[in-house]
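In the two complexes that follow, chain A is the common piece, with chain B as its partner first and chain C second.
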Partner chain A sequence: MNLGNLSTSLIDGLLIGVVYGIAAMGLNLIWGVMRVINLAHGAIIALGMFGVYLLFSVLGVNPYIALGLVAILGLILGIIIYNLTINQMIGAPYLSTLLATFSINMVIIGLGTAAFSTSPRDSGFSLGTAELGFMKLQNTRLVAALLTLLITGLLYFFLYRTRPGKYIRAVSNNRSAAELMGIPASRILALSFGLGTMLAAIAGGLIATFFSFTILSGDVYQQKSFIIGVLGGLGNPLGALLGGLILGALEGLLPLAMPNTWVPVIEFILFIIILLVKPSGLLGDKK
Partner chain B sequence: MSQWKNLGLWLALVIVVVLGLWPIFSRDASGREAGFTILLAIVMATSLNIVMGYTGYVSFGHVVFYGLGGYVGMYTLATLGLPLPVAVLAGGAGSALLAFLLGKAILRLRGSYFALATIGINEAVRTFVSNFQPFGAATGIELQFSIYKPYGGAMQALWLTYYGVVAIAILAVLFSFMIKNSKFGLSLLSIREDEDAAEVLGIVTPNAKTLAFVLSAILPGMLGTLFFFKNGNVEPGDAFRLGFSIESLVMIMLGGQGTVLGPVIGALGYQSLRSTLLTSNLSIAGLQLKDFQLVISGLLMLLIILFIPAGLVGWLRQRFPRLRRVLA
Partner chain C sequence: MKRTIFATLSLLLFASLLLAACSPAAGPTTNQSSAANEKTAVIGFTASLTGKLNVESTRQNNGFKLWMDQVNNAGGIKLADGSVVKFSSKFYDDESNKDRVQELYTKLVNEDKADFLISPYSSGLADASAVIAEQYGKVMITTGAASDGTYQKGYTLVYQAYTPASRYLTGSLDALANKDPNAKKLAIIHENDKFSSDVATALKKYAENKGFQIVVFEGYDTGTTDFAPIINKIPADVDSVMGGGHFADGQQFAKAMFEKGIKAKFISLLVAPPEPTFAEIGEAAYGIVGPSQWEPQATFKADYGPSGKEFIDAYKAAYNEDPSYHAAGGYVAGLILQKAIERAGSLGTDAVKAALDATDMTTFYGPIKFDTTAGSHGLQTGHEMVFIQWQKDASGALVKQVIWPLAGKTAEPVYPIR
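Right, the complex of A and B next:
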């Protein structure tokens, strides 16, 4: 095995891993703020894919401009979903929110299947390849990874430097105390849920620029988000980026050592082990 | 034995027996297929209810027991060449063993962490089986046609399988009732209400939870073997379909978790609705209703969670306090 192959696979994996990371970041944000596992996450990722795909291949919009539109739609959709479901069941057992978000998932996938069928799509978008020394990388992946890092930076700026961001952190810290301070908690929760789904839609849109997909593909990425979320610590957005990098590195390197189909086995076993040994994640604090 | 005078139990048994015997007397093949589907749903929902409704641990990976049991059973039939009853027992034992090995470990996790872990386990087993050569890897296990000969040909084997499924469904309802009315059942209910308090009261919670998990795994494992024997093949995608687990959860929610009758009614209601939608030729504004089966199921589930989270039986019990005595 030569070094060129090895490093190309590694870098390729890391670039994709960063994009997985942003999907997981959305999941983590929602969990961190309201202790809800969003089972509609995969469906929203799939919607993001279709949004960018349709805008690009039907209307001819540049995919990265389309991504901006998809992000805004994702935010709005998330706020609507929050108000329809989670907002009605604060304080209900966790099963309710799991099943409620899953029923949203069923509705979206059902509508999506009726509208788009389950046949695979490919945006056919390409920016060529870049040669860095002995490595050849697809530009779409490079751009996707850079955009993801930019969005992560913006998210951190938003959470730590702006008033609504500080509200979100306050509500996630202690909801009733935040309410006593005059923070409109349920609107802040709606905003957080919207941001979480926005990140999912962005991840879907970015994935659509370099992978083919179907309306059901969201499931795979949702499970990757679970794995990444648990790796990095549920509720910790920066951990999601680290988790994404780890998963990406595994997906880049493992196929060199074993058949491709064994990779998910390793990933899921890792997922269960981390859940059992350190449910707060690699970056999480001791409990 | 006054505890046996229970309306909920007898209603559940009547539903299962009438549903189960109907196609046997009418000798109706399409009725038998419908019976298969509904009875399978009843067993899955009833057995999941032991963990979810009684113990309060929501498993999203219940289908792993159905799938793995089916694989073990099919392996026993096709590769070891043993007869069907042995295979069915092997399927149940295989699932029970998996539940036992996993139980102590993952039942330490609470709430959403447990739910996530069960999804992870289903996916880990599915991807592992897809690579596992003795189980036929991605293509699965296919039965030779000659395997049906000792059972009087394929047609007769189908009926034989059906009797087995009816028997397992009746067992499932009886088990569910007996567990709920035993001392062990009480300890499960107390774990559901407050696990720490249960522990203080002297219940060895890890053991009780693991036993509940194992008991919930046996019947789906046996059923898996019967179903894949009937189909003649088993593939990873069919055996470990995550959606099937979640449908079982929906059925329990529909009927009422923690009751004996609830999962039976929920399974019957859900499957009837689903097959009505799937086979309907109704179209509204040029849209085929059957294309929207998933959408309608999803909306229905959302409405139930929002407005009657206790399910039908739970709602009846809340609404009519007198029913609480008789409706288990």
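Right, the complex of A and C next:
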């Protein structure tokens, strides 16, 4: 194991970690704002993948432009899902929202399998390889990383510097108080859910530019998103990004020291340690 | 108002879930005994209509259905007592899930009174179904299932149509050694499922016996899309890389190796390279070798059943696409059963079993013969893998060529590939 090997592995890991981060951001936001675990998160990531893939392969639209359209569709889909399901369950036990999002997940997977089968799709999109000394990096991964940083910045700005963002944070902090202050809580929650699904769709779209996928591919990102949510802290987009980077770095570096099938074991041990030591996550607020 | 909308939606959701759970088989199940001497034998199996195995399973079932339709249209099989038997199938969706397989095969035997069984696609599911076949005393032909393990459990009624995993990649080592006896550094990187692990372990043993040096021997989890960490473990002076798993991961692994500039001279991967869509990754597919149970270019002289061309034409006419080896495997499972029933002259399990034990035939798919020793009863011993390699034709387009065994090759192997 030399320095070259280490740095290649680290950079590879960080680049994939950035993608994990944006995939986690959506789940994180919804979970943090309204204490709803969106079990359809993975399915929506997969829809984002298909969205960009279809727009690129069938209509020839540049994937990054297609991403914008997919993002808007993700936002609208989220608002629809929220109004159809979660909104109907105010005051219902916690499990109801879990079941509701789980059902949405089954519907999307079922319809997706019928429409697309589970045949793997590869967008075949490539921007070439960048050679930095001993390392060869895919340009699509670099662009995905840069876009993720940009989107994280925009999201942070939205949440902390704009009025709707403040409303979201208010409602997530204390819904009744926010309503008393005149904030339309229901609409804000719908917006938050929509933002969450929008981020999931964007993540999917970015992943489709460099990995192949099927309608079932979102699942693994959903699983990692749970770990990242705990790792980075609920509701904080920077936390999701940080969690993603840490996870990615681990996945890149650990295999150099052990069989790579041990990596998920280490990931989950880390998950448990964080839950015990700092349950609110690395960047989470103390509630 | 909100309550009623919610209630209606939940009811609809519940109803659709209920319907899905009781999914009726899509196959014909009626007994059409119009003639007094006509019997119907029910062949039961599960298909992965949903879940990750749905593509290959559908092809396998299409192949099997083609066989069944052809036999029935030709008038069925004549038995020793003068009666004629036609076939009908009964199948359920196993959702690519092992637990469902066992429930459903039990149902096929007990409720649907299946006379014979065909396995689902994939070693894992076939292994689960074989238990039920043996338990209830029904003959089962496994297809789409290469794992050796299933035939080392003492079963007597389970017969394998595919070349077993232990002989899947060994041929590519022979091909490599034949081309370059000095290329000794081998990296074996495989998917962590039963099938790929069996292939890798058998390959490692074979390689070590032939003097190869295994520089990497690692597994990656099923569903892996990011191969960078495991590729980073391959030393720069590696001669060849072998392994892989199924289609999606094999394709991504090949793509990632190309992007990371791995300078292996020979790369042989499971399952993925023989698929026509493997070439979607473009330049990354060039030179990649893969084993196939059957390729359309293969020219076995069949002494039973249709010729290769006849099979391909019939399949194309029925399904509007070229058959893959999964489809060939499905068809040949039916052929194996047909020959055994003809030979036995009856539908009785013991008679058919005896006939299967004595099988020694060559179909368009290749030779078929079964191991009848107690230790590996039912293992396929006649059939061998063909190895294809992606090469370029005169116009620069990627095409598959058969490079091994030497007797069946259509082109010289490209070596070194990078």
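What to note about this one:
The rule is simple: the second predicted complex is superposed on the first by the 279 of 287 C-alpha atoms of A that agree within 3 Å, B and C clash if a C-alpha of one lies under 4 Å from a C-alpha of the other, contacts with A are read in each partner's own complex, and residues count from 1 in each chain.
What we mean here is this: a contact is a pair of C-beta atoms (placed from the backbone, for glycine too) under 8 Å apart; a residue touches a chain by one contact, two chains touch by 3 or more.
Keep in mind it's a predicted model, so treat the numbers as computed, not measured.
In the model built by aligning both structures on chain A, chain B clashes with chain C.
Legend: residue contacts after superposition of the two complexes on their common chain; A:88 is shown touching both chain B and chain C.
When both complexes are overlaid on chain A, the residue A:113 reaches chain B and chain C alike. Using the contact criterion defined above for the overlaid structures, shared-chain residue A:122 touches chain C, although it does not reach chain B. Using the contact criterion defined above for the overlaid structures, shared-chain residue A:261 touches chain B and also reaches chain C. By the touch criterion defined above, A:216 lies against chain C but remains apart from chain B after alignment on the C-alpha atoms of chain A.
When the shared chain is aligned, chain C comes close enough to touch A:12, but chain B does not. Once the two complexes are laid over each other on the shared chain, residue contacts for A:98 go to chain B alone; chain C is not touched. Steric collision with chain C, judged by C-alpha atoms after aligning on chain A, is confined to one stretch of chain B among 96-104, 276-284 or 312-320, namely 276-284. Across the superposed pair, chain B and chain C both touch chain A at residues 84-85, 88-89, 103, 106-107, 110, 113, 219, 259, 261, 264.
Across the interface of their complex, chain A is touched by residues 52, 58, 60, 105-106, 108-109, 111-113, 115-117, 119-121, 123-124, 127-128, 130-131, 138, 242, 246, 249-250, 253, 287, 291-299, 301-302, 305-306, 309 of chain B. Looking at the complex, you find that chain A touches chain B at residues 31, 35, 37, 84-85, 88-89, 92, 94-96, 98-100, 102-107, 109-111, 113-114, 219, 223, 226-227, 230, 259, 261-262, 264-265, 268-269, 271-272, 275-276, 279.
Of all residues in chain A, only 5, 8-9, 12-13, 16, 84-85, 87-89, 103, 106-107, 110, 113, 117-120, 122, 124, 129, 136, 138, 211-214, 216-217, 219-220, 251-252, 254-256, 259-261, 263-264 touch chain C in the complex they form.
Taken in their complex, chain C has these residues touching chain A: 2-3, 5-6, 9, 13, 17, 20, 50-55, 58, 192, 218-221, 223, 225-226, 228-230, 232-233, 247-248, 251-252, 255, 259-261, 277, 280-282.
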